[in-house]
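Labels for the chains are A, B, C, D and E, by order of writing; each one numbers its residues from 1.
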Amino acid sequence: MWMLENAFIIPLIPAISFVVILLFGKRFIGPDRVHVVGITALGLVWVLSALAAFQWTQRVEHPPPDAVVQMASHADDHADDHADDHADDHADDHADDHVVVSENNSGDAHGGGHSSPLIRPVISTFSQWWSNGGIEFSVGTLVDGLTVLLLIVVASISLLVHIYSTEYVKDDRRYVHYYAFLSLFTAAMLFFVMAQNIVQLIVGWELVGVCSFVLIGHWWEEKPNTDAALKAFLTNRVGDIGLLVGIIVLWGTFQTFDIDAINTLIAADPGAHHLALLVAACCLMAAVASKSGQFPLHTWLPDAMAGPTPVSALIHAATMVVAGVYMIARLYPVFYEGLSVGTSSINLMAFIGGFTALIGAALAFAQWDIKKVLAYSTVSQLGYMVMALGVGAWTAAIFHLFTHAFFKACLFLGAGSVSHAAHHTFDMRKMGGLKKDMPHTYRTFVISSLALAGIFPFAGFWSKDEILLGSLVGQKNSYPLMLIFGCVVAVMTAAYMTRVIWYTFHGEFRGEGHPHESPKMMTTPLWILAGMAVIAGVFNLPGPVLEPFGLEGLAHRIQTYVEPSVYLSGLGLSHPDPSLTMALVGLALAVSGIVVTYLYYWRRVGLHGMTERNRYAKNGYTFLENKYYLDHLYNDVIVETVKRPIANWANRVNQNVLDRVVDRAGETARDTGRWIYKWIDQGAIDGSVNAAARGADSSGEGLRAIQSGKIQNYGQLLFGSAAVLAIVFVIVV
Amino acid sequence: MDVLLAFTRPSLDWHALAPELTLLAFGTLITIVDIIWDERSKQAMPTLAGMGLLATLVPILTLAVDGTERSMFGGAYVVDDFSLVLKALFLISGYVVVLMSVDYIRDGDYYENEYYTLMLTSLLGMVMMSSSRDLISVFVALELLSIPAYMLAAWRKGGPRSNEAGLKYYLMGVFASAVMLYGMSLVYGLAGATSFDAIAQELGSGPSNPVAVLGILFVLIGFAFKVSAVPFHTWAPDTYEGAPTPVTAFLAVASKTAGMVALIQLVFVAFLGREDVIQPFFWVISALTMTVGNLIALRQTNIVRLLAYSGIAQGGFMLVPFAVAADAPARAIEAVVIYLAIYAFMNLGAFTVVLAVARKTRSGEIDSYGGLFRYAPGLAVAMTVFLAALAGIPPAGGWFAKFGLFRALLDAGGGWAAGLAVVVAVNTVIAFAYYARVLTQMWFQPVADGDDRPIVVTGALGAALTVTLLATMAFGVLPGLVGHFGEVSVLSALGG
Amino acid sequence: MLLNQFLILGAVLFAIGVYGVLARRNGVMVLMSIELMLNAVNINLVAFGVQHGVVSGQVFAVFVIAVAAAEVGVGLAIVLLLYRNRRSINVEDFDLMRG
Amino acid sequence: MEATGFDTWVLSLAVFLPLVGALVIMMIPKAYEAELKLVALGSSLVALIVGVYSAFQFDYGAAGDLQFVVDKGWIDVINSRYIVGLDGLSLPLLLLSLVVVPLCLIYSWNHVPEPGNTKAFFILLLILSTGMNGTFVAQDMILFFVFFEVVLLPMYFLIGVWGGEERRYASLKFFLYTLFGSALMIISFLALFFLSKDSSGELLHTFDMRVLSDVAGVGIIKNTQVWIFAGLFMGFGIKVPMFPFHTWLPDAHTQAPTVGSVILAAVLLKLGTYGFVRIAIPFLPEGAVSWAPWIGLLAVIGIIYGALACLAQTDMKRLIAFSSVAHMGFVMLGIATLTDFGINAAVFGMVAHGLITGMLFFLAGSVKERFHTLEISRLGGLLKSVPRMGWILGFATMASLGLPGLAGFWGEFPAILSAYNPGAGLPEETFRTYMVIAAVGTVLAAGYLLWLYQRTAFGEPPEEFAGHEIEDVNRLEWIAWTPFLVGIVLFGIWPNLIFNVTDDVVSGITASVEAIVAGG
Amino acid sequence: MVAQNIFFGVIAAIVVVSALRMVTTRNIVHAALYLVAVLAGLGALYILLTAEFVATTQVLVYIGAVMVLFLFGIMLTKAPLGGVMEMTGAQWPIAAVVSLLIGGVTVYSLMARFGSDRLTSDGPIFRTADVSDEVFSTYIVPFEAVSVLLLAALIGAIVLARKD
């Protein structure tokens, strides 16, 4: 268990790498060789992360005595409250009982392989980090399944991106800084995921934000890039208000920053502090919304595509943007109790997630920039995860996070590869027909797209299926609306990915020059990721799938290893049974999306020319796009189907309202500032100070009149004042 | 004949009178030397005068060492620690003024010997003042110090401004002393005796009566003139501007101190029982004096006039403790004495710098100080210290003086005292605004006329500067020095 | 005799003196008016002395007379000096310095 | 505990060595410039070494107690004594002050701003140093007052002689504002002197801050406490500066020479906040409780207001100056909560703000020196023309906007946090509202700082500077800046370096406030 | 007593009228003569108050010395002997108001305090010797000071008044 206890080493390595690259990169290592440092560090990180993951599995499989929680009696009391609810679940449990509910901790009542004992996370704390009011606060690591999962994801993607970047940003004038900040980002992200307390969460949260800022603005000579960087940072800052306040509310409620303690306290006594938790959860949701691109704070994410593509893959697809999701998962009791996930029909989290998934998907249709399509797709998928968490499908969400990281990173890197070939453009209108020139890119891209679309047997299929299943079953109550959202999004996802593939790889090449396949350093990572996109699903296969192969022991590995049952047990979460029907429906939806789109592009079926006939459509379209490809307006298809109102409206709102809000907020603040500065500060406050000075000055001038120089006047004053004083005093005294 | 036989020779304590006599002797000596050697004695005059002043310090020291309180004529003339401290202060101020005068008077077209005679006479009046505890002594001492001063103000005979300064000072002074005398006559009429103790007994008891109010008021007004309190200040700026600069310094420091000393004795010994008159009176007068003095000073362009108004405002500060004279008598006296001591040095220092600079620039305009720091850094620093002290900024001396005021006010406590404290605070700020104008010229502005030859500081001026500078800084850094004097004086003045 | 006979006479004289010094332009006249005020004081002093049966009132009065003489002498010298330099003894003319 | 042996000299040496240096320099003729500089740097460095020695000798286990105490007679007549002592509250600030001055000397080594005169410039800096150091160790109110005031004149001259176009106006404004405040402050000191009683009801008549802190205003009725506090509030609040007394600050900063701004931001402003923590709150707990909501209100107004004003600025230095108003708002909010958390955060915030804003002013000064303008619209592309400086600016910007992991965060976060549960007797809802407003302030801070950074550092350098070869950070600047940068990172990563030192003192203060409030 | 009162009334009337004329007359020499009348009248009143030494001094010093000084002053300043020069300034109304105020408040106060207090007629009568005893004992210091004062005034006045 050494690695788990000393997990701090993992983020330390890239941190050192950052310092080394920054300080010695140019002079001693050589600007063109700094990647060696970064890649070495990341390699090491990956190995250690893998080691940590292995040790964690060992811990779950063979828990040392101190790792198992002996349930306190109150947990049992609590369990009684929910006994009825769970009775059904238990009755229905067939094969594989991984339902982790509070009452079955004391042993494995239902038999079968690996019922999960409640495994404590490994918590190590180092020294006193800061102290205040006599309380000492430690810095430390909390390692459990969720952590190691994220470690693996971050380490893997980051390593691949490091490798990929050696080619992609070759000869960049800020190659050194690029690698330095990749390292720093990795360090920050790793630090974040193993945060032992919520203050560390903030630290990591903000640090990854800064790295994101720096890397988005990597080419800061162009103003749009810096605008995008600022927008990203400021939008995140807005969310951070929520983070700050939420964490403060948690502190105020529990008098601790310790994640373990907070979760345990809530799990031990759910229902207490409901109001505080509601406030905290709502505030934290704002933070999640900003970081994970949830409606309505998602607008920065597409803009963030101004950064180098590998950065987009790493930060804005696979890792940083899932920080919000991670935080929900990490502090799940807070959200679960605060937003009453287990009781009400719709909660804020589920709604925001579902809605985001929907509009993200809708918006993805309207983009011509391949990266923006992917960005909106990311928004949509993150919404999916949040929605899953909102309906109580914790494991499904994290599973999706896991699979999504690989195939989305692959897609981004693929897009980067395309752009590398096609003169650094991301405009799909300048691509086309790249299939033959870039076979590796094409193949990996398609694989990942299929995974994203949720086609069997790719990774996305499994995770998406679990989410849909979660929405179907929900926790105690069903979330029918969420299921609808999920299904619609599934269709749309498949559709817009098909569109991307069409425009990018099929048809005629519309760009300039001669596209060519990217070098090995780029394609290798693509293949690795594509491979993961294929197989990542195996980590949480449902039991029935494996049963025929006699491998049911390997089912639900993520659920087994990752789910922090020690915290969730008190909440009464349940895991829905795998449903073949649901899987088939999901698959059908995805396929139908592909098919419709395929027919549209490849077969020219559909309602072309819609815009000529329909006034509204035309207006809408004019707004969306007024240059080329009127005939090919893909939106026509959507217009005619259910999506039309959504996509159109969403886009309009997105561009006109949400996106402007940020700008407007900035402008308004600045105008307010100017006004206040001019009128209040310089006018009223400073003005009154200066006026006082002037007043003193002019009264001095006025008083000089007394000093006429004439003795008679002086005498009059002398005797006159004497007389007046005398009169006053004689009368008064 | 019975009556004649009944005369008993007064018992004179010669030791107690030794300072006055020494001073008198030197004054006479100067006059005699003048008569005998006439023009040839000119060189020796300042030396003689200076020696006279220093020599007078000797009996003061012996008296101080002796320490016993000596009272003569039924308490009409008292030599106690309070009077000794102030005598010493007068003499030292006088000495510094003599140092300032040496070159000024020699280089100008002045009657030199008589100048020093009158100076010593005036100082004699002041030295007398600090021991006087009855109306006649105070009156005579006042006239003795004032009348030579009137003439000194007009000493530049050929200068219409100096003449006019003398006339204004004289007329206003006489007006004021007429009012004061009238007041004294009323006070005397109520008490039936001239000694302060008797007056205190009479006035302090019994119900309020308008004659007492009038008498006290008129007496105070007479001295308010002397310390140039608003609205009796009008002579000061004109006289200061017109008079020869060392005389101005003398008036601004020694003469004002004498007025304050008289006020202390009157207020704290004679009138203390009538706090219903003195406290409101001084509240109003001090507030007015500070504020008006400071406000008008803001608009001055002539350095001497600026210092004149600054002096008026400083006088206003010194009057502040009188407003709590009855509520916190000990602290109030202490505050005034401390203020006087510090004020003497910082103001004399400022005038010394003005003299030194004027020797080169031949101008009294503030503009002529432009860039002083570039060509005469020493003088600029010295002036900065003095102005900082006047503004009350540590570590230059003045802060402790202002501190004393606040201390007295807060010891008294209550809304009125606190209100006055705020007025003082506000005035401190206004005051710095005009001191800063001089600082600005010296430090921030380019050299006036582009003439940046250094300034030659003569030996005497240098000595004056050294004395004042050291004293000002010492009072700021180790205020215990001056604080000690203040404390001593409290005990005796109240005890006696 | 009433005490106030003398005192009020003194007060009236004092007031007249005040009027004189304020209204008169001629420097010498101003000096003469001052004498009125000082004499008013003397009446008070002597009258009070009698009232209280003490001699100090008279002594005070004598001192006042002596000092007044000195003052007049000095005053006239200054007026003469000004007259010599300015050819005027009108006190209203003397306002070289003001403000 | 009274110090013995060499320890009795430690604090006095740290305070007065720079002054000795100044006096020595006065004796050296102007022509010997190298010697002048060496003496100046030497004296300030020796003072620093003495300070560091004291930090090593400091008993951190008893950080709540005064150490190295010297108690000697000074002004007996008013019962004021020369008492100096060092506790956990003073130590960080003293060290900050001791570090900043030599660095400023080094920064000015070869380029004393127009109109030159190294000698005078260095003398003033050294005198300033004495005043600042003294204020932090003084344990007698009069001594404190004297040191508090000693800094005024040197700073006035630094701004007035070596400042920018409007220097006369700015310097005078600075001076008059502060003078006004300190005049009211001394009135309050005296009121404390006369009114303080010990627990048995005896009048104390002492200026000894240790004693006054112990008696904690017992015997002064609440109404009086409120008034006395008002005086202290003016004195310290103007120095901080709190809204609406802040208007001297932008002018002073804008016009001051670089090191003047640095010292002003790094140390001088702290005198005010230090005064609140050291004097106003422990001496007058009830007054503090009555005032706290209003201080909190002004603090959050300051936060938002300063930020909005920043957005309106066109001058880089002025923008940084206004950012001080906002940052000091956080510090004051922390203090206003009267909790351990808040006050510790405030002290941390003081140090952090000192380092960060000091650094920003250094940068502004260097930019001005190279580009001869600080108009934001005329700058741009610093990252390209002077890349290292650009990066440092970015770093300082990030630190200033409160990035976790850098020092600024630890001043802001606990301060905001403390407003959630303000101290006993304070209205909870009000402070929670302040908390949210303050949190909004962090966004605005990010807004104006990044906006500044975008316009100055990003993009292409403007035409007018395109052709010129512009020197990047030079050696002297590196020497002067590195400690700032290291400090920002170090305290950011390991905030306990400061929290641990200050906590004991602060806990003592809040405990006594609580006891009084509970008892009353 | 009646005689005394009548005497007082007559003298007081002369004094007041003369004083008023003095400050209003346009002829400076007349003014000087009116002043003589005032001073003489006051001398008479001092006799009435049994203050013989003061009365004597009044006559000797004031009428004998001071008046001569004034006349010298008038001549040396070549003031017009007739009513050529306007002696009263334009601001005389202000002067009048001020003097009325001062006079009014003084008279009011005196009336309020002393009302109808009688002068003690049976008190001791002080002769010149008594005055001198007092001067040379209690007031010896001021007396000596006055001598210094007179000397200084003499020296100073000479310096200022002499032509050079």
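Assume a contact is a pair of C-beta atoms (placed from the backbone, for glycine too) under 8 Å apart; a residue touches a chain by one contact, two chains touch by 3 or more.
In this text, all values refer to a predicted model and were calculated from it rather than measured experimentally.
The chains in contact with chain A as well as with chain B are C, D, E. At the far end from chain C, in terms of centres built from Cα atoms, lies A. Chain centres defined as mean CA positions place D nearest to the mean of all protein CA atoms. The greatest centre-to-centre gap from chain B, using C-alpha centroids, is found for A. Set side by side, A-D and B-E show the greater C-beta contact count at A-D.
As a whole-number value, the distance joining the C-alpha centres of chain D and chain E reads 70 Å. Here the CA centre of chain C is 7 Å from the CA centre of chain E. In this assembly, the C-alpha centroid of chain B lies 42 Å from the C-alpha centroid of chain D. Per-chain CA centroids place chain C at a distance of 63 Å from chain D. The residues of chain B that reach two or more other chains are 136, 139-140, 143, 147, 151, 154, 157, 166-168, 171, 175, 179, 210, 213-214, 237-238, 299, 433, listed in rising order.
Annotation for chain C: residues 7, 14, 17-18, 21-22, 25, 27, 47, 51-52, 56-57, 59, 63, 67, 70-71, 74, 77-79, 81, 91-92, 94-99 touch two or more other chains.
Shared interface positions of chain E, defined as residues touching 2 or more other chains, are 89, 91, 94-95, 98-99, 102, 105-106, 108-110, 114, 130, 133, 138-139, 142, 146, 149, 153, 156-157, 160.
Here the chains touching each other pair up as A-B, A-C, A-D, A-E, B-C, B-D, B-E, C-E.
Of all residues in chain A, only 704, 707-712, 715-716, 719 touch chain C in the complex they form.
Against chain E, in their complex, chain B makes its touches with residues 3-4, 6-10, 12, 17, 20, 24, 27, 31, 72-74, 76-77, 111, 114, 117-118, 121, 124-125, 128, 136-137, 139-141, 143-144, 147-148, 151-152, 154, 157, 166, 209-214. Across the complex, chain B is touched by residues 73-78, 120, 142, 145-147, 149-150, 152-153, 156-157, 160-161, 167-168, 171-172, 175-176, 179-180, 183-184, 186-187, 190-191, 193-195, 227 of chain D. Residue ranges on chain A touching chain B, taken from their complex, read 693, 696-697, 699-701, 703-704, 706-707, 709, 711, 713-715, 717-719, 721-722, 725-726, 729-730, 732-733. Residue ranges of chain A in contact with chain E, taken from their complex: 712-713, 716, 719-720, 722-724, 726-727, 730.
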